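When the chains are written out, they are named A, B, C and D in that same order, and each has its own residue count from 1.
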Amino acid sequence: MKKHMEDAIILENVRLNPTTCRMILQAPAVAREARPGQFVMVRVDSSFDPFLRRPFSFFRIDRNEGIIELVYRIVGKGTKIMSTKQKGETVNIVGPMGNGFRPPPEDAASVWFVAGGIGMAALVACMEDIRLRRPRSRRVLFYGAKTHSEFIPKIYFSSLCHEVHYSTDDGSAGFCGTVLDCMKSVTGANSLPSYLYACGPPSMLKHTANWVIENKIPAQFCLESVMGCGMGACLGCALPGQVDYGHGKTRFVHVCFEGPVFYPEQIRWEEL
Amino acid sequence: MKKSVDLSVTVGPIRLQNPVMVASGTFGYGREFADFVPLEKLGAVIVKGISLTPRPGNPPPRIVETTAGLINSIGLENVGVEVFLKEKLPYLQKRSVPVIVNIFGERVEEYRELAEILDNQEGIIALEVNISCPNVSAGGLHFGADPESAAKVIETVKENTSLPVMVKLSPQVTSIALIARAVEEAGADIISCINTIPAMAVDIYTRKPRLGNVVGGLSGPAIKPIALRCVFEVVRAVKIPVVGVGGIATPEDALEFLLVGARAVQVGSVNFTNPRASLEIIEGIARFLSENNFATIEEYIGTLQLSEGDPTIQTVR
Amino acid sequence: MKKSVDLSVTVGPIRLQNPVMVASGTFGYGREFADFVPLEKLGAVIVKGISLTPRPGNPPPRIVETTAGLINSIGLENVGVEVFLKEKLPYLQKRSVPVIVNIFGERVEEYRELAEILDNQEGIIALEVNISCPNVSAGGLHFGADPESAAKVIETVKENTSLPVMVKLSPQVTSIALIARAVEEAGADIISCINTIPAMAVDIYTRKPRLGNVVGGLSGPAIKPIALRCVFEVVRAVKIPVVGVGGIATPEDALEFLLVGARAVQVGSVNFTNPRASLEIIEGIARFLSENNFATIEEYIGTLQLSEGDPTIQTVR
Amino acid sequence: MKKHMEDAIILENVRLNPTTCRMILQAPAVAREARPGQFVMVRVDSSFDPFLRRPFSFFRIDRNEGIIELVYRIVGKGTKIMSTKQKGETVNIVGPMGNGFRPPPEDAASVWFVAGGIGMAALVACMEDIRLRRPRSRRVLFYGAKTHSEFIPKIYFSSLCHEVHYSTDDGSAGFCGTVLDCMKSVTGANSLPSYLYACGPPSMLKHTANWVIENKIPAQFCLESVMGCGMGACLGCALPGQVDYGHGKTRFVHVCFEGPVFYPEQIRWEEL
């Protein structure tokens, strides 16, 4: 899988909610190789302030049309600049980076998707992929956010899954509480999924990981970390990993080239 | 474009097809950039710092962006020299890329062993000795902060290798010229400068350092003016060739270092921002020289004009 | 906005209504900014460096912009202490602005005379001693580069003034902690850091330095991470209070310095980019503290949390 | 004269020729105080790269409407960014800075304006002012440039003066040679002006200064230098000046607060 750098043309860049945008990019070279769970490194501006590229998961991939879509939350300098870009302008992207989600076993009857906030961006691509590859699986989405206004519109995912459970920390929509509490509440212990995919903030992933490990649910987690290069050169994206390192020491995993998708057993969650 | 320019340079005992190397720690082991840069077009690839045994590196977060730069505290994570030779070097040998191995140790002894092991390996054209890492025995200072310790490391490495030895200096010293002279006398063949500058970032909300290691090294365009001044000082302090590094992001930046007398440059952090930067810098240098009627890069190197009354290096304000 | 926050701080022997000063050389003699900032709202105004006799300064060009910063080689042009007292100070006295006078000399003797002359002048609350300018007698090094010379200057100034003495340190030393301890022992009441970092820029077309003086000092957002690390090191090295300066451009930047333990800050180059910056920083600090439920700024200063295993200051790559 | 900082609204920002733009700004506070020859410091962008403001002379001032106009040549990073600004966006400006042109004596019969390249920007405001203040003066413009495409359109100045003499270094329009040679060629020694205003690149000003000093023509020159603050605080804008400095030493003049308009005798031209 070859990586490409290209000036992607912005076909659309609109708000999905007050803090979230969707950017549609004409990026044939990257689109050709892209897989759900992988990401692109976006250079938001030609100036050196900001200096580093910003990583964003594929939200949608259209190989045939050479189009990729990103959904991003405005959190700081870089995403703010991105949000001001107009249709017709270009942004320079590098990708695809990292390793995508692997499909669940053929016989996975029920697959759960657990999205926290903007973690939804990567999971939409994942759901779409699994709908195609495991059409007979029953796909259930648990979608949590701080508050109702953070959700992206249903239209982007309702056709991809059979069931959606919303939760909000402030109770402004759906279940009041964390997405994990929501999962626990809507299902008894006897209806655990055959497979689980999760993406969201660290604390949510941590609790979810403990839960899936406890319940022996096979799962994949999409993680974030600060990125220098996004391509394995700087070793900046390390997170505490369980992999053995020489004399019994645990070592670090590198989100950009060993992830961003990990099995929960690979991470030292307690140190995250 | 006018006729082609001869970009080849000699840097002390080594000869390069062009003066553009990629800096240690910013280009992995070369392979990571193969999709973006035809590696064989580079002057040389300097690989990530190698130690005698594998090192896990520092706790995350390891990188934080700053205005026009970044601070890193990778903590010299690396696979160790053994794995490097077995798994990383062969690829570069196959691609016929001139390789410079960046080495570091916590004790002089480690430098000695590294020098021995790396001697006589195909494709390696020089060692770059990083003397800016913590020296446990000297109480937290690095070898690079003290002329005597620096000289000691270089003498040891020189005695144990037949390869040209390039020494990488830290800018965080009272007089970089002094350290440069010390390593020259100790037998260094080339000096490269600068390494990153000790720096820090904190989060005003969580009230914690933004790096797992608290302190890290600043690199990127922000530090270019400091690096250029260091190179200028070192060029005037020693007779051995100097390789400039620090904040080079464009062909113009590279030319500035060559102008003050660097015989080659290293492209570092900008590889993250623009993975094709090293190649674009080579092409840009060629174009500039051609447009300005230089037949060879040698005609340009070190031709900075200082007027009569110009002060020698003095630190103002 | 919630209820108002007490921003007043004591910085050793002086008490300020808020921790925001403006840095020497970036705010003229105060009056220049009166159209933009109600001067009496500032913690203090530090005036352009004053010498015993007027100095013409360095040949132009004196300023060159760099990525996220600038290099200056003003060469300490100033009107001299006599004209300062007669023509510049009265305006600040009339406006009731706490004034700190930045002084420098080429010989210890000059510092002595300056200290004497400036003693007992109304409105002056402290002296800031700049020890980073060329010291002719010590062969081109500055007083600030050597602990003994630095101590000598401070002792002399202390003996000849009743004013609190703040010493301004250069970051361009192997160990700023060492210098800090030396000036503390010599009797300094306060340390401010950092001064600009020696740097350089050249023009690849004309092949000349871009500054008349060849080398100058780098300031601006580019150097903030270095300044923050210096302040962190000095805070841990001495018991006297530290004032942070270097690249502060926003309220958040100022808060970072306070968080690592600076008891006040100086706003420098950003005054050029945004002449109202100092005022906006005061307001922004108040807003931040209020929103985060601090009643006084004292509750925030120096509360950086280092975890158990955090390394003490060590310079990593 | 009070200085102001304001977010000026861009009313228009268009090309006058391939490398020159005209920006019309709604800037009532600055316009109220502005005088020809003075300038504003423009913050081209909210990022810190570029870090410093850029100085631009007033090209036109409309006090009543609260409008100022700038004419600028795209030469580097800052002016490039300026040229991409759209109508309706704002740029932050500080001004007015410096000292304007002083009018010639009441009885000045003939006034010459000598513009080199983009130096024309400041002279247009000057000509307009002098047409009002000295309506009976005969105003002659000498307008030189490297090549014909650098001239701004005639419409901006033809009504302000009685005569225009173009010159180009490459002979592509008007007199072939420097603007000084042009002046010398079109006039005999007996038709020297009663007053002269000049603005342009250093070498042109230098030669013109020598000529006016030699011929004892009273004159004012608008100079440039690199600026840190534009308001007298940094002392960065120094140029070699003739003013006596203590023990017989010559000293520096400061373009931003002692200029940018100088009498030719104030400058050590040979060191410029």
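Simple rule for what comes next: a contact is a pair of C-beta atoms (placed from the backbone, for glycine too) under 8 Å apart; a residue touches a chain by one contact, two chains touch by 3 or more.
Everything quoted here is computed from the prediction, not taken from an experiment.
Chemist: Farthest from chain B in C-alpha centre terms, which chain would that be?
Modeler: The most distant chain relative to chain B turns out to be D.
Chemist: Give, as an integer number of Å, the spacing between the C-alpha centres of chain D and chain B.
Modeler: Whole-Å distance between the two chain centres: 46.
Chemist: Rounded to a whole Å, what is the gap between the Cα centroids of chain B and chain C?
Modeler: Computed value for the inter-centroid distance: 32 Å.
Chemist: Compute the distance, rounded to whole Å, between the mean C-alpha positions of chain A and chain D.
Modeler: Spacing between the chain centres: roughly 56 Å.
Chemist: For chain A and chain B, let me know how many angstrom lie between their CA-based centres, rounded off.
Modeler: Inter-chain centre distance comes to 36 Å.
Chemist: Residues touching two or more other chains, restricted to chain C: which are they?
Modeler: Residues 25, 66-69, 72, 74, 221 of chain C each touch two or more of the other chains.
Chemist: If a residue has to touch 2 or more other chains to count, which residues of chain D qualify?
Modeler: 48-49 - these are the residues of chain D that touch more than one other chain.
Chemist: Take each protein chain as a node, join two nodes whenever their chains touch, and name the resulting shape: line, ring, star, complete or other.
Modeler: Chain contacts: complete, every pair touches.
Chemist: Would you pull the chain D residues touching chain A in the complex into a rising list?
Modeler: Answer in residue numbers: 45, 47-49.
Chemist: Going by the contact rule set out above, which residues of chain C touch chain D in the complex?
Modeler: 25-28, 32-33, 35-36, 48, 53-54, 56-57, 59-70, 72, 74, 77, 220-221, 249, 269, 271-276
Chemist: Considering only the defined contacts, which chain B positions touch chain D in the complex?
Modeler: So the residues of chain B in touch with chain D come to 67-68, 221.
Chemist: Which of the residues in chain A come into contact with chain B in the complex?
Modeler: Interface residues on the chain A side: 2-5, 43, 48-53, 94, 225-240, 245-246, 249, 251-252.
Chemist: Would you tell me which residues of chain C are touching chain B in their complex?
Modeler: 25, 58, 66-69, 71-76, 132-134, 140-142, 145-146, 170, 172-175, 195-202, 204-209, 213-218, 221-226, 228-229, 232, 247, 252, 255-256, 259-260, 288, 292, 303-307, 310-317
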